[in-house]
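Paired with subunit B in one complex and with subunit C in the other, subunit A is shared by the two complexes that follow.
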Partner chain A sequence: MLKSLRSFGLAILPQAAAIAVTMFLGFVLVAAIADEPLLAYRELLFANFDSRSNFALFINRATPIALIAVGIVFAFRAGVFNVGGEGQLYLGAMAATVVALFLSDLPGAMLLPLCLLGGILAGGIWGWIPAVLKVRLAVDEVVSTLMLNFVALLFTSYLVNHPLRDPEAYGALSRKVPESVWLPSIPGLPNASMGFVAAVILAIISWIVLFRTSWGAEVRAAGTNIRFAEAIGTPGGRRVIEAMFVAGAFAGLAGALYVLGIGHRFEQNFSPAYGLVALTVALLARVHPIGALLTSLYYALMLNGAAYMQIATDVPRSLVVLLTGLLVLFMTVRLRPPRVVG
Partner chain B sequence: MEMASFIAAVLIQSTPILLAGLAAMITLRANILNVAVEGMMLVGAFVAIAVGDLTGNALIAVVSAVFAAFLVSQALAFFTLKLHADFIVAGLGINLLAAGGTLFLLERVYYNPGGLRPITFPEIWHVPDGSLSFIPILGPAFEGQSAIVLIALLAIPACHVFLYRTPTGSYLRAAGEDEHAARSAGIRVNRMKTLAVAISGVLSGLAGAQLAMDRLHFFLPEMTAGRGFIGLAATLFGNGLPSATAVASFLFGLFGAIGDRLQAFNIPAQFVLMLPYVAAVVGLGIGMWRIKMRNRPAKIEGEDKRPGA
Partner chain C sequence: MSLTAHSEPLASIVEEVRDTGARLPRTKPKPAGDAGGHILELLGISKSFLTTRALKRVDLQVLAGEVHVICGENGAGKSTLMNILNGIHRPDEGEILIKGQRVEVGSPLVASRHGIGMVHQHFTLVPSMSVAENLFLGRNPTRYGLFSDRDAMRRRSRQLIERYNFELDPDTPVNRLSVGQKQRVEILKALAFDAEILILDEPTAVLTPPEVDELLGVIDILRKRGRTIIFITHKLREVKAIADRVTIFRHGESVSTYRITEVSEADIAHDMVGRQVFLVGRQDDPESPRQFGEDLLRISGVTVTNSAGRRLLDQVSFNVRSGEVFGMAGVDGNGQTQLAEVVAGLMPVQAGRIHFMDSDVTAAPISERMKLGLGFIPEDRLDRGLSATMSIEENVAATNYVAAGMLKSGFIDVGVRNAFASDRIKEFDVRGATLGQPVGWLSGGNMQKIVIARELARKPRILVVSQPTRGLDIGAAEFIQEQILEAADNGAAVLLISSELTEVLSLADRIGVMYNGRLPQVLRRDEADEKTVGFLMNGGDASTP
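On to the complex of A and B.
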């Protein structure tokens, strides 16, 4: 017991150290520019728990991050560096919106699953494309997923600005989806969408699938060494593509749940770079589904806390982007050189 | 005349991509996929406008932009080569830091998160009007282009000469191709990689300066809009060769210029803006497909499966 605790501690030590160093540097920066650095940091870290409604916002913030991050865990385990979470998220949100708006006559019990399915498929396909390009043609997935992000963002921006635009709303917003597909809130926590419960359940299922099924083992084998995986007879390339579809599907579902549970419509620029944040979360969590869920909470805390900090003090909220950058930079730092293979 | 102005538009669109592409190419030859080009460009663009605003001197602005991007590149080199951080992760970290840092400064120092728009800004040297009109078509296209466009064009042969005609260039390529062999041959691999990252920083800084200073004279948050990544795509498309990278960059620039023209025909702006990104993905796909087809007969069955690549 003590030994496993020790190995767990050693496993998360670099990540914990990266967070600690980042938070410390952030504090030095805040102390240098703000009149009340302690108040700023209190707002950043604890204002989320000041009221029930703050806490609900915090839960809502964590949901998309957690879902995309768990999806990215699948991609990473299959050896794919999926930077495309953002585009997959937007397409998922858009697909759910389109389904809900065009089939709005259907009863909610039928329409809701269709919306979710639309989001899952749209995101999944957007993950599938770079995976096929990578496996079949060796196109670098970092570049292709990044490019596809821009395509997805521009495409959804067109849809929300022209065919789907709500003429009565100010700004680029789609019409509202019918109330029959709005997700209920978590009992006892008004305004906190049930999407978070879905994220928790899916994170647990993902852990089981990745580490307790043969499909998961094959995905991980393909990610570790695809030539070896194929040499011993597992369909490595196919598993990589399937894992990327799953990754995209998770991001697409995150988008759908955002529309159905939180936004109730498609909003242009609804995501403060959730895709990249989720990538950070997945890496910080050492590519583990449960870890990703927990780390997404830390991130949601920071993202929302920054807004409270900006209101209460004179520290701009872009501090959090700065801190994220520092954290990502520190995250994979190893003071001892890694073992050289080959 | 119409042709000349179109070529001029292609040149303007291509130059930042070309510089970013060459920046990514140099590091790719040292076996580094440099995703931080985007962030270094952004830093370059910001510093160019901030320093130009402060000093009123275009040359100082360009030099500061290049130097700032160089410093960022050295931070990346330090974290990856000295502290063993993963190159792609650290590169994305640099991009976030650049985006967050510039936004933070806009909010904190300039009190305007929307951007930095100096009222007056020093003009960078442009090819004077009428000076090249004796050359048909190409002459007028080059008139009015900034000095950085010319530097970018000169950088193509310069990169070629550096990589293939100097000892340092061949050491750099050796370090990228087989680290262990290069180390056994007495090449300081880390020094070569640091050099590659430094050169890519300088070129990225130029790219950012061109983007902000040539026509616009202002800085916007995230104004690089993925051009660094398109440059990276151009490098991969061009298989790490200077000339092919340049050709790919001009192709992406061409798509950008065509996009601008299409806007006049009432096509929604989003689809026009999409063109270079779609072109990058499709282009990469076709490029890799051609490489695969070319390599196929020479390979023994079962050996053409690339390990994850």
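On to the complex of A and C.
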């Protein structure tokens, strides 16, 4: 027990150090440009905890990032560089919206699962396509997932601007989904969507699936050496495709949960590039599902904190972009990389 | 090694005439008159990884212009020391002197600036790039210091290739080259920037005997041109053939250095493993001739054609009986790789049938063949054998989850898995293996043991082994060969594919020789000797010699 605690501590030490150095450098920067650096930093770090409503916003921000990032962990473990989280997210959100609007007569207990299923399937298919292209035709997945993002964004944009547009609302918004499918709040935290609880549970399940089932072992075998995966009798290509379906499904679920729990309708630009943020999060978390969950909390903290900081002081919120950039730098830096040489 | 031994002069060359059979003394006073002096000295080098002490105050002194061979068991620290010299690892203590000058080798680039070039144990080429691109990877000649000058690159590659008489085309992508050709590209890469000291880490492990002879020829040429060569090998024949001096490593220490004229192969073997080594073989006991059971593996008329229409396997037919070792000899590249993949179920056939016992498995995937009792040891451990970045226990477990009861209602029982892995590691004496670490951290030979330990664990009925002892030290090779024979004695049908002729001759009950994808003849072990088999390997016909 003590030993595993120690090794856990050792494992996260570099990350903790990177965060500390980043925060310190950030403070130096803020001190250089702000009149009240202490206030600015307090807002950045702690305003999220000032009130229950701030905290709820923080939780809601973390949810989609965490879900997409955990999905991307599956993709990475299968050796696929999935840049398509954004498109999968949008399609998932749109599918949930469409199901909710068109089957609105169904009782909530039936409609809600259908909406979630719609989101999962739509996102999953959007992950499945580039995986099949990669496995069967060796199409580079970075290109295909990126391209599919544009398709998804433009397609959903068309739907929300034309057939689904709410004539009474200002802006590119769909009609509201029926209240029967709105997700409840986390008890004691009004407005914090239950979606976050789902993200936590799913992150834990993902860890178990990836590291404690033979399917997970096969996915990782395929992701690290597909010729080895074949030689030990596993269908490597199929595992890659399945893992990418899961990755897409996670992003699609994130979209569905956003619509059902937070937005209650499809909004044209509801995501501030969650897909890309989640990609960074997954990488910073060393492609580990639990790590991805924790890292997404940190990112949400910074994103929301920056807004509070900008309101309260003269520090622009884009400081956070700089800080996250620095963080990526420090986390990826390794003094001497371990080499695999015989 | 004791401290006093360190303070002695370290040339460690045996000068005196020894009593026959006596254990050689460890260190000797430095003899006078070694021409050239030390070009390279490694003094008191230590290196630890997380849990392993790979090197313990090792000394190595290399004379200018000599071929210095390093021998030692798997995991003795040979590659680690060379990686330190090449700037890949940093030593924990000790110093490196080049021409008497103390140097810090911080990176392979610094090493190449000091005139050190290295050929690694496992290939480091980029498969999709051409020979020329690989030769100049990361240091390609530029025009205006900005654009890479492809013409200059090609021209200089051609010059380099000509200088060493290697038959290579600078424009061929590396993934189309044979293993031997790849090896040459690696050597040229190390020589491309006029390395004075060339390190070759087990370059012959993957080569066929004629290729080995060629390589030894190249080394001799290099020596004549004044280069200094450090050469790692497990094959004692090569040591005797090429070395000026030999240093022997054991358990992270350099135990002795000899001038080659003063030691026998047996002495070297003895120093390496600390005991006598006997190479096993299939003993013919006239009292009780070996009994074979029914045919477990039947190959009939198997034909494989590549996309260009060339027949890689041409109407190959043979059977392997229970209890029998069928040895497949042949010069590499005559279809052995394809044969292994076809029997394992990793390559489809265009014609012919494959039977395991009574089941026709011609179209069955490898997973199904494994259920019928297939064990498969692929020829290249880092290609099909292992996933280098996955942990040791996961690599050992990979094909044994079901058979060894590691799954509890779909979930992996980590306790059972780790116990299973630990047992295998102990049984196969895998050195330096700590559970949880990536298998790629093991030494080359120890990785090989992991593959074999995994595949033999299921007690296969049909065992396909390619190049089982590639990269193993003699002690380990002996053990692995025993294991293969034991599998046969327990009733398995063993298909042993090896380019090591002596291995085939000593282990097999029947011997086939592949030539150009064909298997014209199968010899009984009493018909097969090196001459006949060698004749067949080059396309001869044994019935009309």
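Going forward, the second predicted complex is superposed on the first by the 323 of 342 C-alpha atoms of A that agree within 3 Å, B and C clash if a C-alpha of one lies under 4 Å from a C-alpha of the other, contacts with A are read in each partner's own complex, and residues count from 1 in each chain.
Criterion: contacts are C-beta pairs under 8 Å (C-beta built on N, C-alpha and C of every residue); 3 or more make two chains touch, one makes a residue touch a chain.
Computed from a predicted structure; not experimentally measured.
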Simultaneous placement of subunit C and subunit B on subunit A, clash or fit: clash
Touched partner set for A:V333, first subunit B, second subunit C, both or neither: first
Subunit B versus subunit C as contact partner of A:S180, first or second or both or neither: neither
Which superposed partner A:A138 touches (first subunit B, second subunit C, both, neither): first
First, second, both or neither for A:Q268, with subunit B first and subunit C second: neither
First, second, both or neither for A:E230, with subunit B first and subunit C second: both
Superposition-derived comparison: subunit B or subunit C, residues of subunit A touched: B
Touched partner set for A:N191, first subunit B, second subunit C, both or neither: neither
Partner chain in contact with A:A217 - subunit B first, subunit C second, else both or neither: second
On subunit A, positions contacted by subunit B and by subunit C: 225, 227, 230, 336, 338
Subunit B contact footprint on subunit A (complex, rising order): 33, 79, 81, 83, 129, 133-134, 137-140, 142-144, 146-148, 150-151, 154-155, 157-158, 161-162, 225-227, 230, 237, 276, 279, 283, 316, 318-338
Touching residues on subunit A, where the partner in the complex is subunit C: 208, 212-214, 217, 220-221, 224-225, 227-235, 336, 338-342
Subunit C to subunit A touching residues, read off their complex: 79, 83, 88-90, 120-122, 201-202, 344, 346, 365-367, 369-370, 376, 378, 383-390, 394, 397-399, 401, 407, 410-412, 414, 438, 440-441, 443-444, 447, 471
Complex interface listing, subunit B residues touching subunit A: 33, 35, 79, 83-86, 88-90, 92-101, 103-104, 107-108, 113, 225-226, 229-230, 232-233, 236, 268, 270-271, 273-274, 277-278, 280-281, 284-285, 288-289, 292, 305-309
